[in-house]
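Quick heads-up: structures coming right below.
Okay, so chain A shows up in both of these, paired with chain B first and chain C after.
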Partner chain A sequence: MKTLEEFVSLFAEQFDETDPNEITANTEFHDLDEWSSLIGLSVIAMVDEEFEVALKGDDMRSSITVEDLYNKVLAHL
Partner chain B sequence: MLKGKIVYLRLFEPGDYEKTYLWHNDHDLMSTTCGPFRFVSKEIERSWVQSKSENNQKDIYLAICAIENDEMIGWYSISDIDYLNRKCQCSGVVIGDKRYCDGEAFQEVGHLALGYIFNELNMNRVTGSCLREHIMSRAQMEAKYWILEGVERQAVFKLGKYHDICHYSLLREEYLLHLNNGDYNDRLIIRRVAAKIKELKTELNNKDQK
Partner chain C sequence: MGVSYNPFSLEGKTVLVTGASSGIGQETAIQCSKMGAKVIVTARNEDRLKETLSQLEGEGHSMFIAELTQQEELEKLVGSINVLNGVVLCAGKGMTSPFPFSTRGKYDSIFEVNFFAPIELLRLLVKKKKLEKDSSVVFVSSIGGVDSFQMGNGVYGASKAALNSMMKFCAKELAAKKIRVNTVNPGMVNTKLIQGGAISEEQHKMDMEKYPLKRYGEPEDIAYGIIYLLSDASSWVTGHSLVIDGGVTI
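Entry: the complex of A and B
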């Protein structure tokens, strides 16, 4: 089972222009300049591949921080 | 109106300019498109939306609206509709409202739009383009079985340099084949997107190293 730290790292890898050091568990990811629907899609794809969990749009919309999203993933396991 | 579970699509209405104005002036949002970044005033935007709301023949500009609150969250445009040769271009998919940048709305818009293009407009061919380094856009098109037809080298100047543009197409027979095979299942598409992202990142890294 991947830790929160590993999840944050995987999450940060989905961004091309954003410094990975800027993304932490407390990052409110919707406010990131680079955040887009395509990044959202790649995050869903990453979660599916690394955790075998199918995140829904509701999970993304109701999550504020990266940690919130991680907790949503755990809830699906 | 084209209705899904999360979003519905309708033609532009004149009042939509208030939102499109914000999104057209969002540099981060517009940096991933094939076109240059242009400043727009509310007056320019109002005229643009007005013209799109009065035309549903050669171009169709659809507002993407959230079902839960009827708010416009983006737009999808179909351009250069050629009724003789039965072809058109997907000229833009913009989800400007960051609350709905969740991937799921984007997926649903794609399904609704392709269904409309092939089953209502009766198109035989749809094309789409994106910057070569826009991996996410390429990954989601390739995951949905769009075929790369060619690369237009140094075709666009933006953000201080020239960019290649990748041109894709999807034929009606291909769309129906994959639809009937169940290939457009969301989870299958997501997995293909993940694989394509890796493939394309490797391709771009190799190109940069040459």
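Entry: the complex of A and C
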């Protein structure tokens, strides 16, 4: 099982311009300049690949921080 | 010219509809029966297919449970068919996956359902001479991969582009047998295929605003186009992709 820290790092990997150190468990990710619908789809695909969990678009929308999203993944396991 | 005048009638035609347990396939089967066709419906789920069968109007319809990605089941389905005047290949599967995550396995699973299954079914129907002269074949393709290239839609779009391409090859070759082959290419249609996936309800609402007609399609919007292509009204139409998309590709 991946830890929150590992999840944050996998999450940060989906960005190209944003400094990975800028992204923490408490980051409100929708507010990041680089955040886009494509990165949203990439995060969903990453979760599918790493956790075999199919997050829905609505799970992304209702998560505020990266940790919220991690908890949604755990809830689906 | 009486009230019975209808160049789009399917009276006297037997039509096979795949993917008939839900969405565009289900609606197409129902509309074809209302236009007078005898309909053979096929899908994987028995309960849902029975539900479709019960909604068909008129007499002489039948159902056949089959997993069309399985060669044996395809052959049984084709073996059970006497003769057809129309085929509508609706069975399909959606997938949202950005390019770096689009592994070979994802392409395989989508191409199996969206491309190889309908093409193999058509091949068997032709080879076994199940299609009457003047038959019409309609593939349900998509604007995705043909006219529209939304992010994350590559695997699905490529499968539909392949289908569109084969439709044209089939149209050219099968014209010798007087069999017509066309596609309908829908934009976003309100079915289970687009609901509850990676695209949120809110994103769909925003996307809808890009449609000049300001809404997604309903299954019957597509079924009516399919009826045109099945009917004798389209006798001189083959190798064509009928875009039905609320104007989004303009």
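Note that the second predicted complex is superposed on the first by the 77 of 77 C-alpha atoms of A that agree within 3 Å, B and C clash if a C-alpha of one lies under 4 Å from a C-alpha of the other, contacts with A are read in each partner's own complex, and residues count from 1 in each chain.
Basically, a contact is a pair of C-beta atoms (placed from the backbone, for glycine too) under 8 Å apart; a residue touches a chain by one contact, two chains touch by 3 or more.
If you're wondering where the values come from, they're calculated on a predicted model, not measured in any experiment.
Enquirer: Put the two structures on top of each other at chain A: do chain B and chain C fit, or clash?
Expert: They clash: once the shared chain is superposed, the two partners overlap in space.
Enquirer: Who touches more of chain A, chain B or chain C?
Expert: B
Enquirer: Could you tell me if A:D16 is touching chain B, chain C, both of them or neither one (first, second, both, neither)?
Expert: In the superposition, A:D16 contacts chain B only.
Enquirer: Could you tell me if A:M60 is touching chain B, chain C, both of them or neither one (first, second, both, neither)?
Expert: both
Enquirer: Just chain B (first), just chain C (second), both, or neither: which does A:W35 touch?
Expert: The first partner, chain B, only.
Enquirer: Pick out the stretch of chain C that clashes with chain B after the overlay, from 74-82, 110-118, 128-136 or 218-226.
Expert: After superposing on chain A, the stretch of chain C hitting chain B is 110-118.
Enquirer: Enumerate the residues of chain A that count as touching chain B in its complex and touching chain C in the other.
Expert: 37-38, 40-42, 44-46, 48-49, 56-57, 60-61
Enquirer: Show me the residue ranges of chain A that touch chain B in the complex, using the header's touch definition.
Expert: Interface residues on the chain A side: 16, 30-31, 33-46, 48-49, 54, 56-57, 59-61.
Enquirer: Taking the touch rule as given, give the residues of chain A at its contact with chain C in the complex, in rising order.
Expert: 37-38, 40-42, 44-46, 48-49, 55-58, 60-61
Enquirer: Name, in rising order, each residue of chain C that touches chain A in their complex.
Expert: 96-98, 100-101, 151-152, 196-203
Enquirer: Which positions of chain B touch chain A when the two form their complex?
Expert: Interface residues on the chain B side: 6, 28-29, 32, 74, 95, 98-107, 135-137, 139-140, 186-187, 190-191, 193-194, 197.
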